[in-house]
Amino acid sequence: MTLSQFVWTIVKILIMAGFVLNLAAILTWADRRQSSMIQDRIGPNRAVIKVFGKEFRLAGLLHPAADGLKFFTKEDFMPPKADKLLFMLAPIIAMGMVFTLVTTVPFGDTVCMHEFLPRFPNIFVGPAVPRWGSCSADVKSGYFPIDLMVAPLGVGILFVFAMSGQGIIGAAIAGWSSDNKFSLMGALRAASQMVSYEVTLGMSLIGAMMIYGTVRLDDMVRWQSDHAWGIFVQPLAFFLFFTAAVAENKRIPFDLPEAESELVSGYFTEYAGMKFGMFYFAEYAEVVTGSMLLVTMFLGGWALPFFHRDGLTIAFGGVTLVHLLIPHFWMTLLGVLTFFGKVIVICWVQVFVRWTLPRFRYDQLMKLGWRVLLPASLANILVTGVVWLVLDEAGPEVADALRLAADLTQALVVVVLSYLVFKLLRGWFAPFKHERTLLGSSAEQAGKLGGTKSTAMQA
Amino acid sequence: MEPLDIDLDEGELELPADPMHLNMGPSHPAMHGTVRIVLELSGETIVKADVQVGYLHRGFEKMCERGTWAQVFPYVDRLNYVSPMLNNVGYALAVEKLCGIAVPERCQWYRMALGELARISDHLTCNGAMAMELGAFTPFLWFVKAREMVWDILEEETGARLTHSFGRIGGMANPPTADFKAMCGMAVGKILGLVEEGEKMLLKNRIFIDRLQNVGPISGAEAVSLGWTGPCLRSTGIAYDIRKAHPYLKYDEVDFDVPVGTRGDTLDRFLCRLGEIRQSKRIIEQCIERMPDEGPINSDDPRVVLPGKTDVYTTIEGTIQHFKLIMEGAKVPAGEVYSYTEGGNGELGYYLVSDGSGTPYRVRIRPPCFQITGGLHRLIEGRMLADIVPTFGALNMIGGECDH
Amino acid sequence: MSQLVLDKLKARFGAAILATHSDFGDDTALVEPAQWKAISTFLREDPDLDFDLPVDLCGVDYPSRGAAGRTEVVMHLYSIGKKHRIRLKARVGDEDMDGAELESVTSIWPGMNWLERETWDMSGVRFVGHPDLRRILMYPEFEGHALQKTYPADRIQPLVPYRTEEEAGVPLEKQAPFGPDEGMAFGRTANNISRAEVD
Amino acid sequence: MGDVNRTLALDASEQGYATTRVDALLGWARKYSLFAYPFVTACCGMEFMALTSPRFDLARFGAEAPRFSPRQSDLLWVVGTISQRQAPVLKRIYEQMMAPKYVLAFGTCASSGGFYDNYTTVAGIDKIIPTDVYIPGCPPRPEAVMDGLMLLQDRIARNERRPGIVKPRFDPVQAASGLVQLRRSAKDPSEVLPAIQQEEAKTKALREGGS
């Protein structure tokens, strides 16, 4: 590995880790703010920072910062009968696995350095790279392609499975080593839940792998970019994967290992201070990584509809409507932003789920896992295989029709996205309607007097 | 050296097979802070449960023996603190039964309307809290929002959000405010709107239904033999509602139904409470329609009812009467009485013993949820740990009432 | 209220029914303690009576009665089908609560289980044959029975040692809402035993 | 279990600027990240529910996140009456909490035992555990509780552990009705007087305009 490769790897790690860490922190905030939005409340907004005498509230974004600082200075605790080593190790494992997981997730298309380096200052206007084909690798002079993933592994998705399976070890040994019955039960639940849903998680992707014909995550995205997004070719697998991913994240309705009303705090009941902070944080980081995988597998990764490596190409079947070449720099930037944008949206959706659903009971969870999700994913594999075989043998007319259908799905994505953006903007600018439901006279009087007044505390 | 081929049949490999003992509560999130359940678990299944109450025993009955008859009202408020007005009215009715006095018609309607408002607040809290403990936080907040509307009215009428101390022997502390009817009329519709919204969110949710259905079922006969009353008994199909069976106040003149369940499981209890909110709305609407706008609110019996302030300040009789009633308390005739009303959880009974002085000799409350909690272990034994949460939530154990 | 229940009881048990009244419409029967369970069984099993709902059970302490049954155990029953109620009373125990025993009726109404425990805990009446007669509202370490009139209302038996003022750094002694002779009605002495008088 | 706060407070006064700044930062963080352990027993629990409700919304202060494991919580809400039987549990929960920990006595019963002056009630949780803020009321109105919480936040920020009590605030309505107001202010009276007069005039105008 040359120095420049090393530097690039460091840069990629920083981007990815920075993104996961920051998004996880923001998610803790989004979780609280969004819940208050659903529940007609305001949510945390008081943490204020004073800069040159001016107060900045930043809509409560500083609350996660306060949480983090507090975790660091909170007294640490080790149960006297705990297994010291495992107790210390558990949060590290829980956190570490999440970050290992993201190393194989591509966050952009391969960057061809030989497009950039020779014409260094003018990279913004340089020509587009060809849509297909790879860049020439001339490592000595620094002209080599850079895969925008931390570890461009050939086994891609298999590594993801391996690592996501390890995440539970943190929870399991945390519960085991805590010397607490609630923790132990939490750990047992976590382990069994993980085993059950890991199977579905893997099975649901086999169909997708058959279609994509690869286990490399970046190749999967390329296939989706060229054809149709995974959600269209494998709709059932998408929902199975989504469900299983939420279950792996241990969030409501699958938060049995830490079910507050049953097991106090589940497997991390005995953890305090920063160790608890790591578990707390790892949970949100898992949401981010789960969303990343979902985006990569089923939502086209870094790809936008009709945008390819060389630029914008709107084509239906054989008919090309628009063909526009865009410089490589802009395409790369667009890809990266698209990927992170998609991840944020999926995280946001996951947060929505949390606040409304009750949680499962243990046996119901197992039933759902083994009797519904697993057979469904097996059926999905079977159907996918048969359909794939039939279509493969069908002849060129069918292939053309499929081609057109794939392009139409891309168009559909564009339409849906535009509609959502339009609705969002309209909602944003719509006049705000206040409804007052004050009944008592004291509230009325307070309202007449201009609400509560800020007076100095007299205590 | 030990032989390598140990015969596994003979080698006694004894793993500890004792069931795990788990101590839930009293400060466990699902135990409302006042109940402790010592569980014997086999895996996640409950083998044996020992329910222990008494963590909120506040000596209600002993305290009542220290003040006058009227000074019991504040204590009564804090028994079932989710629907204090029902307790107030129940106690007032009990003392009035012992004194042999009747309150004016307007007061009876007023008591009914306030009581039914309190019942709505009780059921909203119970159902909402249960949903929250199952993990659905949002419906709980919507129900609390609806409850705030009830409390707004009660605050306007009584001056306190929660602990009103509004009942008096022979009437109420104050007549209804001018806006009472308007406020009730406005609020009940809005409350029902919020309830329906929450209901939609919960009852169309398969997970929620699965968590409640067939959890903690009990047969009607068993529930009766355990002494259950109220929504928990009615969920088994036995329509024992004191408002219908032995009407007090004006309940025989209003038109309402008694929602009953069929299986007596947790879902039935949940639905019964939702049904009762609707019936309470009907009762309130009839009350505000039929309550006269004019007329006395208090009985005119000078032995128990405080004179008006004008009389106290201007006439010697008024001053003396006021002094005697405040300092010595109303002299309630000697005897014993058991009076029962329909509280938020069931039959709320007061057994009073008077020795003819101004102080109660014995005030015994018959809290509905004491016996209901006494049957809890029958519902959860043999079920899973997670079933405790909805089962216990739907019983609506109120610590103050259960532990006296 | 009909006299049916009381008439049937008198006809069946005769001398064991010591007194009856129907004040305020509540049918009441004072019965011989020895016949407590037999009468209960009859009330539950007679098809005309059919008292299936155990409403309440409590003790009322009358220290002034002396040897003639200091504590009165009061049971309320209701029949859901027949819609009638009855109050059953029995006087047990002497001045020192010796012999304050009754037969348990838990086997007839399972709901009486906790009520009997509570009556034992609060009033000190033992129930013979109760499956699990423990304290229920108070803790096992508690001495005495709180609802007996001789138990001072303010005699605490703390389970955890209180902090000293040095530890706390703030004055801990607060003004009690009631003094020993405050907040009471006049003319009552039996109720108002405070710790000061006992100590 | 070392008492971190006391030491920090000493350091701040003795070691000068840098420590004070760190202290201030820590105070700021702790203030806005109060993970609560609700020790809810009695009537006040109803008001505690109302406090999280949309109308009052405790979450605004960043104090809504309930952690039911005492190890992870910073603020112990003692909501409701503590009986003698409950006292060992409360003490144990307090001991299980990790420093820095704060205790808030919610309601009269928790503060002083309230009107349950009898054989079974602990006359105030400060007989058992140290308490930071007392909120009187039976139960206190949510507004009073929020006052108490803000008082606690203020104390955390200043690293002060003297117990505080929520007192009634200055009530503009009363001032306008001509009731005598007793004021205790460190400032010069002549400085404060115009402000008071201004406030009174404003409320008077409001009342006249409103009614």
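General observations
For clarity, chains are labelled A, B, C and D in written order, and residue numbers in each chain start from 1.
Here, a contact is a pair of C-beta atoms (placed from the backbone, for glycine too) under 8 Å apart; a residue touches a chain by one contact, two chains touch by 3 or more.
All figures in this text were calculated on a predicted structure; none of them were measured in a lab.
Simply put, of C-D and B-D, more C-beta pairs touch at B-D.
Chain geometry summary: the mean Cα position of chain C and that of chain D are 42 Å apart. The centroid of the Cα atoms in chain A and the matching centroid in chain C are 63 Å apart. With centres defined as mean CA coordinates, chain D is found 30 Å away from chain B.
Averaged Cα coordinates give chain B a centre that lies 23 Å from the centre of chain C. Among all residues of chain A, those that touch two or more other chains are 39-41, 260, 264.
Chain contacts: chain B has residues 28-29, 54, 57, 59, 62-63, 141, 145 touching two or more partner chains. For chain C, the set of residues touching two or more other chains reads 138-139, 146, 151, 153, 178. Taken together, the touching pairs give a contact graph of some other shape, not a line, ring, star or complete one.
The residues of chain B lying in touch with chain D in their complex are 26-29, 32-34, 54-59, 62-63, 74-75, 77-78, 81-82, 125, 129, 141, 144-145, 147-148, 151, 161-163, 399-400. In the complex of the two chains, the chain A residues touching chain B come out as 35, 38-41, 181-182, 185, 252-253, 255-256, 259-262, 264, 355-364, 437-443.
Residues of chain B that touch chain A in their complex: 20, 22, 28-30, 44, 131, 133-139, 141-142, 145, 149, 152-153, 155-156, 179, 183, 186-187, 190, 201-202, 205, 207-208, 210-211, 384-389.
Across the complex, chain C is touched by residues 84-85, 87-88, 91, 112-115, 117-120, 122-124, 126-130, 163 of chain D.
Of all residues in chain A, only 32, 36, 39-47, 60, 62-63, 65-70, 73-77, 260, 264-265, 268-273, 276, 445, 448-450, 452-453, 455-459 touch chain D in the complex they form.
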